[in-house]
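To keep things simple, chains are lettered A, B and C as they appear, and every chain counts its residues starting from 1.
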């Protein structure tokens, strides 16, 4: 936590707008030189291939002897995706299905060509490879410039784990004795709209009558109002994760900095459910990771990644981290997740976010929305998130060349 | 009726072409500051919402205490369509499903925000509202500039009702003791191509073997030739509707100004059916309304609107106005319409117009058609319609900004 | 055969690349002033219409008294495709379904208009017509400039028939006592990518485990390596077909100029099947015709055309020419083709080519691939094909005007 901005500053910032975060507006294809989840570990069996597109870059994944390799999913020869029909004829290599160009998984170098083993291209040509870090049941890939070294540790791109004595602590993905379970799927919106929806304190009206509210009898607020300059807490330590937290739970002193609104008398609308607040707390982290602590229940964390695929689509990652203290409890959690929470949280609740993000896409698709949107006091956190990205992004991804513009790296 | 042009003038006009009606060529997104049908009255029940896109403008409709309100279907905050899930928590307002922005239906002003009732945007922000006129079973909306006042009466944008002693009189939409029944649906062509197909005296060849021709045993001509400068009658009175009529029925003196062609001996083609002519008479009116008198039978009028939705789609309105003299007759008309005429006229006949308009779209999509078309003598009415629009349109709609160009109003 | 390039020259040429064949890169819409197959003869019955789009030009076909006419499939009046519902009311003419514009099939001239037989446009307006040559069971159409005369003979645009004493002779489409059987279908790639896949000696890896290989127990090589400057043979006689042949079969002296690679020991991959080589031999000819001699069996020729339809699609023609010496043998060939070879060769083998071409399309769609591809020694024939096209194409087709660019002819 580095900086606390004043409420006036918060509000003012919504007016100055776009000029203050131009790099964010430019980041239609995502942030480069960052870590992104590519697949869950269980999705890539030993000896198999997988693939994913991140920030417009096609990635081919392969697991060998447990180790995951990530390599550009485009043969240098004629530009085809190798993942259409990937071959591995020799350990440590991938062979393109088309003309037998065979690359080293570790260095991307052209090792041989099936029917032209003396071709002068061999040894003189390489496709990109990407650093991989497999942790917490997830295969993360570092998407960025070849000359961006050293590769920052994965943990700089994960939400900061909070200490067990932090007020309203919930389990961290990186803790011991936790289990993380989730899904991923494709969404039709730019990744920035997905982020902004995710931790927007005003958007919760869309969940007003969510099945999860009925199931838990626990009210979801109709929205939240920042009460003071302490509503937002910024995380900007030099070697730490960069993020901004909505202080929707009481702080170290038991003080409240957001008012959760459960009723608007003028309009005669009330939140559903009678249960008390869970003090869930949202925070957003570069390069686009949401954490919701104490959701869907006290002590559990929901994590969401909004991974840029193209400029109009993102891969939506949804997972929950549960603490457990015994194998029996762990088995019970898995059972409850598979049979109830997966459907109730990801579909009964998050599905509404999916279409809400999609609904913003036309307005923002050609950047008109960034000029014409009318942000209010509840949007302070969004403006501050945009500025945070502008301050700390390690790079702005340029569009794939095939789409008519110059791409930085290639 | 103001002007009668000479046949020479008619023919000549087809050659000079595009220069004479440049505003028409520019009107890809329709004419602004005009009245358009949005929904049939029966499509918007008390207390319900509806929506329609007209001239690229998304419109949200709501009926309260019988009165219909039309408001911009885009929340000022993040640009989403409120019609995705419209809320009304308090009479006279609509609340956006996303962040609870609540607008007055009458003035479009931001009245409150559910969870931010003290937001400075409140009272300082408005979305557009649109004049509504509900008549003849139709909800009409005036699409145009906020500062275009006073709003012209609806009747200036409806076909001129002809007097009962007008030769070959047929029932007017605006008459007493008539019933109007119809449908609307979406078509894949620019609205101008839809208009031009509608009252084009040469296009009727497409109906040569229409089921309706077999059902009625009444020949549809293979086409019509203007015989004199009296073939077209223009309606351009200052405060009246602006239109042009094909004088395909005998005039006040019993004179004929069009020859209906029922046979071409050189080609050996004859119209189907042996019944005599019905003297149906077509006319086209700003902002794109067709009237066909004495069709599908003597005394009945067919009305068609071609309402611009986008630059490539239009809403196709089809309705028939029947006179009746008793409640029994009215009930019989409804019965006959529901069980026979609706299908026979709109599908058995008009479906051919639907694909004919679509067939022109590629040639005109990038305006190439306006330069390269080869108009003949039968197209005099089309050229004169284009010029009429150029003379009398109250404004040319500019494309929605999100599509990359400046829109006039917003 | 005119020129034999040295192996050094072959390899060097792959490096200089794009500059040497700029016209080829420009030929996204195909080569104009060439003959293309439009339909098989059996697809156009007496008195019927057909249609096909070639090099972006919509073509309407009609057979009358056995003679096939090809005419522009776009009415000059309003630009619609007449093939949507073509009428013939009088021999030698086609009448547009929309307004009765009636054109002469032989000269494209506007002969009459159904309901306006005295229109001044009549006799003063013409649409394009195209030379037709119906031979070998195929209707060929010459697509090009109206003023490109004289029309070259069809045979200049067919693969050169080889003499019966040519080494490893296979039946020619143009021979006596042969039967040619085939299909055509649409493919989603630019026609140049389809060509390049077709006779690329390195692409055969995609057929490694083709059902045809299992059925015939005859190995398909994993690829082929040019051994000397005699690997390619060029056909560039002034009045002859222009083509380039992979000398994958022994030459007149029994010498081999390609090594077929059946195994790569480093990678541990072997070709399937134990049968000896068939000495099939590929060659590619302007304007985009592949011939594979001795495929799928000795003595038979496979012909493939890759006819540009749009810039992103081609019509894929696949046919086999079989020699026969008696009517019984002919009947047996037809039986075997219909029940076995059609499916096994075109689907069990060529289907893999279909998706392989499609896989290249994104990389080349905006010409990026032509700059960024990395061609190797096996690609000498591709580079030489591109240069051959650059030397001998009779014209480069310009895009249809409706798509926003000037088209050469219209």
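We take it that a contact is a pair of C-beta atoms (placed from the backbone, for glycine too) under 8 Å apart; a residue touches a chain by one contact, two chains touch by 3 or more.
Keep in mind it's a predicted model, so treat the numbers as computed, not measured.
Interface chain A/chain C: under half of the residue numbers present appear on both copies, so the contact uses mostly different residues. Superposition of chain A on chain B using C-alpha atoms only gives a rotation of 120 degrees, nearest 5. Averaged C-alpha coordinates give centres for chain A and chain C that are 48 Å from one another.
Of all residues in chain A, none touches 2 or more other chains. Note for the complex: chain B touches chain A at residues 74, 76-81, 84, 89-90, 93, 95, 97-100, 102, 112-121, 125, 401-404, 410. The touching residues of chain C, counted against chain A in their complex, run 11, 200-203, 205-206, 221-225, 261, 264, 266-269, 355-356, 359-360, 362-366, 368-369, 372-378.
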